[in-house]
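Per-chain numbering from 1; labels A, B and C assigned in written order.
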């Protein structure tokens, strides 16, 4: 798990500089806006910045709530950057962890209350990032959800099978995990993937009000609530890591490798091709 | 747990007199209407009456289904009367139990089939009462739900964290438990807090028909079904009591005490101020 | 559990003849259409055919997805044929299993991806069959769901209590299991009984596209996903068998026997009377 070193503890978070994050602080709420061109892939720069931000925020008692959103109008987090797996491993290691599964599990256990404001695509490891947060709100007209790992012979590697099965039950979780398809915000709400789908013009104000509301409440009580809910609904670190191991096993099989190669030839990890991921996958079959 | 003494076993329940309950019996269905002015707080009189009623009903084989509703058009059960904690403890003790958590847990295991017909506000311990029942139906235009314990540095003390996490999943349960906000019947249905939201003009007939339908079915099969469902979805008495202990720990902290004091100064436990509880809470911040 | 003998392994499944099933194969997808007049009861012929089909399909690596639908416009599977319990037991035994509970549990663990396309009534053991499959889609205008076992003093015997409690939570599962009532497709969707309710004119194309989509994806990854989801959400074989035992215990009690006799006198297991099952049950009370 993450070491959460107390470095920079005295530095004002809102004035810290990140490569991929813009930070705005209002009272005890930190608004975190992600921008990692060209399509907000979860690569080493974003990983380093997110870990650093969480470490700083956890060390600052004046911060209670984190709101994550994206500065890219089409992509919240597209997914983990598969072309930079080694660098991602180094970034995770430098943050004191060994996998996205364990990083996200650690985040689910943070004393910080975390909220996702999703206004673009969030697929695979991106979806698993928001599933590790405490609450998820999405813009009806713009948010798109997918777990496409099955297209590459793999189970999701950072908790989606654990979270989605508990959130939406066996039948819907199997549909989502097996189909590798895109789901819009309304269906994501009906399935329990997110808390609510809201009109795009309202989501900002809604999340802001909720974040400030929670930020005014006593911190000890919030932490107790989160601990008790996690005791019921959060898979163990061992189970999360087992999914991560199975993810890599699946991806390494010949069918995983060949389909991944083919996907890169058809535009995988490019902004245009990933706008319609189901179409990209159809070209592989 | 409750002793369920066989006292008064020969007395006709429908003719029993209660301070806070009006009882009407139709065949094997008992309709229980609560009225504890000024705002249906769960205080010692209501506690004693509810325990007595359940004991009598459990001892009478001719009773199979209990329907709970409120004679107050605005409040179903507002919440536990915090100003009368000691008296509540005595009322619970005289009924053979030591906490609302264990009383409600016992009720969830009753052979009686229990239905809530919710047409007003039901917050905190009031919500936990209906969560301990077998089914919950609410009037779209009038029912309001809240777990506001986080506003007083506490986790819900009588099962809400256990029930809501299982009913609505981690993300929505955290939102409800952390926000301390009001939720209307439609959203409560979408989140799984209740079975269904129904138009106010239909809810009475709907619940009555359902209650009578179930009351005609063989009792042994109903009891087996309830036992098997509880084995999957009902937290243990130990876990329920642990939440109760954490609730009191949180409330006793300085931040819990000072916010409770402030709430009383702003109208907590008065009929008018609690009509808009979120507004009352805003005045504390 | 089922032996899954390799008999007929070399035979082309699509050319096999069944008494109650019509098979159509498109690539790796097998469309299975059930017809067991007069009302698609789950009797020994259908049991034998289903077991044989699953055995063949599991033994044929070229088959990945099974879609189940009904050739009867009013009944998907009405329920288990109670009048032919002994013959059903023999059919299950010849397939290497001892109860519907264990047969369905085995089906939930199959490497095959299974989808129900429900356009008629599916009650009791019929509902439990579709609950054992991986996904369930239903026609809004035509599908009807029920677990009516409580009307005969019994808990569902083949997994419904296990599945529904996990899919819809304690309150809604108790309502469904205790009420013995009919639920339409829209309500079944809101409760989580099915993945989605779709317009009847669209359901065929939707399921076909989903089945083919999944059939193109690497088989090993699909199997891993299914295993991991089952590890969270599928009850054990022991628990499933315990429900089966309780089912028979309830049915054998005098109240179970007398109500079953009365039901037969009022048209139980006839096509016309079962069109409106709640009405049939009302005549028993």
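Quick note on the criterion: a residue touches a chain if its C-beta (ideal position, glycine included) is under 8 Å from a C-beta of that chain, and two chains touch if they have at least 3 such contacts.
In this text, all values refer to a predicted model and were calculated from it rather than measured experimentally.
Student: Considering chain B as a copy of chain C, what rotation angle in degrees (nearest 5) results from a C-alpha superposition of the former onto the latter?
Tutor: 120
Student: Counting shared numbers against all numbers at the contact of chain A and chain B, is it over half, same, or under half, different?
Tutor: Mostly different residues.
Student: When the centre of a chain is set as the mean of its C-alpha atoms, what distance in Å lies between chain A and chain B?
Tutor: 36
Student: Out of chain B, which residues touch more than one other chain, so two or more?
Tutor: If we look for residues of chain B contacting two or more partner chains, we find 166, 168.
Student: Along chain B, where are the residues that touch chain C in the complex?
Tutor: Going through chain B, the ones touching chain C are 113, 133-136, 163, 166-168, 189, 192, 194-195, 210, 213-214, 216-218, 220-222, 224-226, 228-230, 232-234.
Student: For a test of understanding, state which residues of chain B touch chain A in their complex under the given definition.
Tutor: Interface residues on chain B, with respect to chain A: 149-155, 161-162, 165-166, 168-175, 177-181, 190, 243, 246, 250, 253, 255-256, 259, 284-285.
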